[in-house]
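Some structures to go through are shown next.
Below are two complexes that have chain A in common, paired first with chain B and then with chain C.
Up next, the complex of A and B:
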């Protein structure tokens, strides 16, 4: 469907006309509406495209605010943004979350970061700036923000209350027993089964989006690698991708190949670590030990190839800073032989243990409908039957390699485990195909000059699509970056998946998702 | 049963994995470290890890120090589940304001002598997140830090090495 017929559908079928539309680059369409039409447009797009809200964010234009709401168009493999402007004197907008649930968290985020009131959304609780710590009336992402001066805050977070005979609450965290990031989980249980789980996060909020403002792309690149350490490469690539789109930079083929190889290595070390983590959470430690050995060997390979165990410092705007030549390609293939052999063994050990399978099978089911409504995409979504992988279509560089989209229908911990296993093998295949293509080509584009503009970068990290929407101002500095890690939406999926399970199975369910705290908290 | 047999064979085939780090003398340092811990700390050094807003890579490396290859526990260092069992607190992250209270409470729950180790560049002074409105700016601003493990993230070898050099002094 081309843009015009697409807009015609909206006008004819839904009886709405935009104020203005324009295309930005090859794969982004912006539909500007007035305040009254915003909700109707979002709803129409949500229905036509069958896409959840992939990102929704505000921007300070100094005299106004602008709100963006992004959807995916799977048919044309493009992005559609609905936008509207809001006067500073009336900082409010009509909530769309009542119709499109996946907008809920984004609206709450806009409310706390910009002070724009989401009229009609009953949930006013903050996501990042905890009520106990941060006083009212300070909105960090406004341009004229001045940090509070030790003003105390006496407000409190309101947990949803489950009442009834025999219902009791089990609060856990923020500091947990393991070596793990902080988060607060509050279980309501009646007898054994969990009847409600409320997840309160934000403990690793560092103010990343504000920190990025008014910095040069180079400085921001470093920060993007520290947003979520286990997805450092996906995040920095997504950031570079946005900048490359803004400046119409043609990244050399060789650099793209190197990026794909490294992204797959990142996927592999995380997937294998999670397999071990899942095994450990049911007390099956020998499998975890083997998985840790495989993970370590991938880290060692990463370090030999790029000098960084976490693939930091590789991505630069326009290409990569580390060259992989033919010998590096051979080294990768050699290491992969051993890694693959160990992995096969890990698979056999896990899949032949009946007691292990018994624990993961049908545990922590996330239904497809729930996942779709919440916008749980990526690994957890695919395991629940949502066959979407942005490497297919939304990242054109992946068209040259042959790989399978791995998914499963049941949505339980076992299917998340199996999808990981399959994706690991697919990644090995992808890397083998790419190492053959490592030639002596260039690794950074010439003629890079930074121009003002905006664009969205999307990279399928191991958890799912990592999105960076970047706007550069006229002096080539960052005006606004919106980062959406897949975890932001997926945490809600976990809260649904554990319903009806028992608390001792929670670590297992949690690990089978293994969502990012810092990526979600920013 | 068959799983166990498979496991057993796989162990034999894999052999001793810790030897692969020998090139950097970690084993030698480790043995010294073990003696130190034995003498100074009565055989065990228990650490409680607290994340105050790290990106996760520091945690990943601390976990890696516990993997079968580095196997930090063979030297007498173990990571415990509660601050009540801990000799030292190992803190990562620039200390997000949301974690200040939890960090103080964790420290308060420890028995003496309450060592505090900061791990990773952002735990020192906020690192890459320095100057953010929501960062308290390093563990040292909240608790008395005994020593620091630099790096972003420090590798498992760094972690072992620096704990060793601290205990030696």
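Up next, the complex of A and C:
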């Protein structure tokens, strides 16, 4: 379906016409609407494309604000952005979250960062800038923002209250016993079963998007690697991808191959660590010990290949900084033989232990409808039956390798475990296919000159799609970056998956998702 | 009396040995087998922090628990006085106070721990009683001294001993019932109750835990192959038991909380069958 017929369908069927449309590169379509038509257009796209809101963000145009709302078009494997402009004198817009629930978190974020009120949305709670520490009336992503120096108001966050006989509230965190990032979990329980879980995050909000403003792409690349430490490579690739799209840079084939190999290595070390983590949380320690060995051997391989255990400092705009030659390819294959052998053993240990399977089977079920409504994509979504992997279609470089989209239908902890296992094996296959192609080609594109413009970079990290929407200003510096880590939406999925489970099973459910705190607390 | 002093002194060693075996089974080196002693000396030399919202109960409990468990251990040696049923009651007394102390600071995890501990206790205690009755029926006495003087082992006593072993796993907070190694407060049972304790109080509670463990190990060891109850053989049997417990802990995952019912019912049925067999056999 080409763009015009697609728009014609929308116009005829839903009786709405856009103000202006334009294509940005091969795979992005921007549709500008007026304020009244924005909601209707988003809803029509949401229904036509069966896509949740993948990203929704605002931008300060100095005289106006512009709001973008991005959807995925699975048929043509493109992105559709609906945009509208808002006058600075009337900083408000009609909420679309009542019709499209996956927009809710984004709307709350826009309200907090830009002070644009989402009219009609009853959910006014703060996401990142907690009432206790951040005074009202300061909107950090506006260009004219001045850091607050007055005291925050005495307002307190209100948790949703569950009342009834024998219902207790169990507050957990933000400081936990293990060495993990902070998050507050408020359980409402009747005995052991969980009636409601409210997750409050944002304790480690670092203001990444503000930090990136007015910096050169090179400086931002370093920061993007630190957004979520366990997905350093996916984040930096997504950032590079956006810049390469803006500047129409043709990345050499060899650089793309190296990136794919390293992305799969990142996926592998995280997946195997999670398998061990899940086992450890149910007290099944030998599996964790073996998984730690496998994880470490992948880290060692990473270090030998790139000098960084976490694959930092590899991606550069236009290619990669570290060359992998034929001998490196041989080294990878050699290491993979041992890793694959150990992994088989780990699989056998996990899948042959009745006591372990008893714990994970049917625990923490995330239903497909819930995942779809919340926009839980990526690993957790695939385990719930949403067969979407942006490597299939949205990342054209993956067309040259043969791999299976791994999914499961039941959405419980066991299916998340199985999807991880399958994806690990698929990653090994992908890497083996790619190492044969390592030749003596170039690893960085020649013609790199930074031009103004905007584009969306998308990379399927191990948790799910990592999105970077980047806008460069006239002097080639960053005007606005919107980062969407899959964890942002998936945390809500966890809150639904644990309902009806008992409290001692929560750590297991949590680990089976293993969401990122820093990815959520940008 | 010397025997008891040795048992008490060596009790932390059991945990050290089990932990060492577990770590070796997981391809790890693990801390030295004397680590529990280092931990104890650390606890006793550290300052104690007590929440201001705690009552006298919280401070008193470690002493009660320690005293009750030590008395249980002492009952082993007092000739013709040591009674197996009294031991079970002493452990219940300790548990009662510990559960109250878990609730006392009104923290998130203490209450959950106490509630779970009582839930499991309601299953453990009847099963422990049943297996004790089976052993007593076989020996025709509940007096520990006479029970240990038994020379032969019948099928019902083997069943009762097995039930007692399952009870011991639950009583000492081991996988598949509880997990001593976890840092996840939400899954803890025993550890959650004592989470607020520090310093000397924690040391006493830990020590009481070691006493309880050594009591169960010693009891089970004496019931197995009762012909060989000289100290050397007892020690060997206890070491074998350590190996078994470590193997169980490494090869199983922790059960879902409500599955514990099935696990302990199995132990209950074993001891009930032992009693039936004994009554019918006699």
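Note that the second predicted complex is superposed on the first by the 520 of 522 C-alpha atoms of A that agree within 3 Å, B and C clash if a C-alpha of one lies under 4 Å from a C-alpha of the other, contacts with A are read in each partner's own complex, and residues count from 1 in each chain.
Operating definition for what follows: a residue touches a chain if its C-beta (ideal position, glycine included) is under 8 Å from a C-beta of that chain, and two chains touch if they have at least 3 such contacts.
Just so it is clear, the structure is predicted and the values come from calculations on it, not from any experiment.
Colleague: For the combined arrangement obtained by superposing on chain A, do chain B and chain C clash, or do they fit?
Modeller: fit
Colleague: I want to verify the contact counts: of chain B and chain C, which reaches more residues of chain A?
Modeller: For chain A, the partner with the higher number of touched residues is B.
Colleague: Have a look at where A:192 lands relative to chain B and chain C in the superposition and call it first, second, both or neither.
Modeller: In the superposition, A:192 contacts chain C only.
Colleague: Given the touch rule stated above, what does A:134 touch, chain B (first), chain C (second), both, or neither?
Modeller: first
Colleague: Touch test for A:359: chain B only (first), chain C only (second), both, or neither?
Modeller: second
Colleague: Just checking: does A:26 make contact with chain B only, chain C only, both, or neither of them? Give me first, second, both or neither.
Modeller: After superposing on A, A:26 lies clear of both chain B and chain C.
Colleague: Which angle, in steps of 10°, is spanned at chain A by chain B and chain C when each chain is reduced to its C-alpha centre?
Modeller: Nearest-10 rounding gives 40 degrees.
Colleague: Is A:172 touching anything from chain B or chain C once the two structures are fitted on A? First, second, both or neither.
Modeller: second
Colleague: Using only C-alpha atoms, work out how near chain B sits to chain C after the chain A superposition, in angstrom.
Modeller: Superposed on chain A, the two chains' closest C-alpha atoms are separated by 5 Å.
Colleague: Quick check on the output: what are the common chain A residues between the chain B footprint and the chain C footprint?
Modeller: Comparing the two interfaces on chain A, one with chain B and one with chain C, the shared residues are 177-178, 286, 289-290, 293, 353.
Colleague: So in the complex, which bits of chain C are touching chain A?
Modeller: 22, 25-28, 108, 112, 116, 175-176, 179, 181-187, 250-259
Colleague: For the complex, give me every residue of chain A touching chain B.
Modeller: Chain A residues touching chain B: 128-130, 132-134, 140, 145, 147, 174-175, 177-182, 202-208, 210-211, 222-223, 226-230, 232, 273, 286, 289-290, 292-293, 295-296, 299, 309-310, 312, 345, 348-349, 352-353, 516-518, 521.
Colleague: Which part of chain A faces chain C closely enough to touch in the complex?
Modeller: 170-172, 177-178, 192, 279, 281-286, 288-290, 293, 353, 355-356, 358-359, 502-507
Colleague: Under the touch definition given earlier, write down the residues of chain B that touch chain A in their complex.
Modeller: Residues of chain B touching chain A: 2-3, 6-7, 10-11, 14, 17, 49-64, 66-69, 79, 81-82, 93-94, 96-102, 106, 122, 127-129, 131-135, 152-153, 155.
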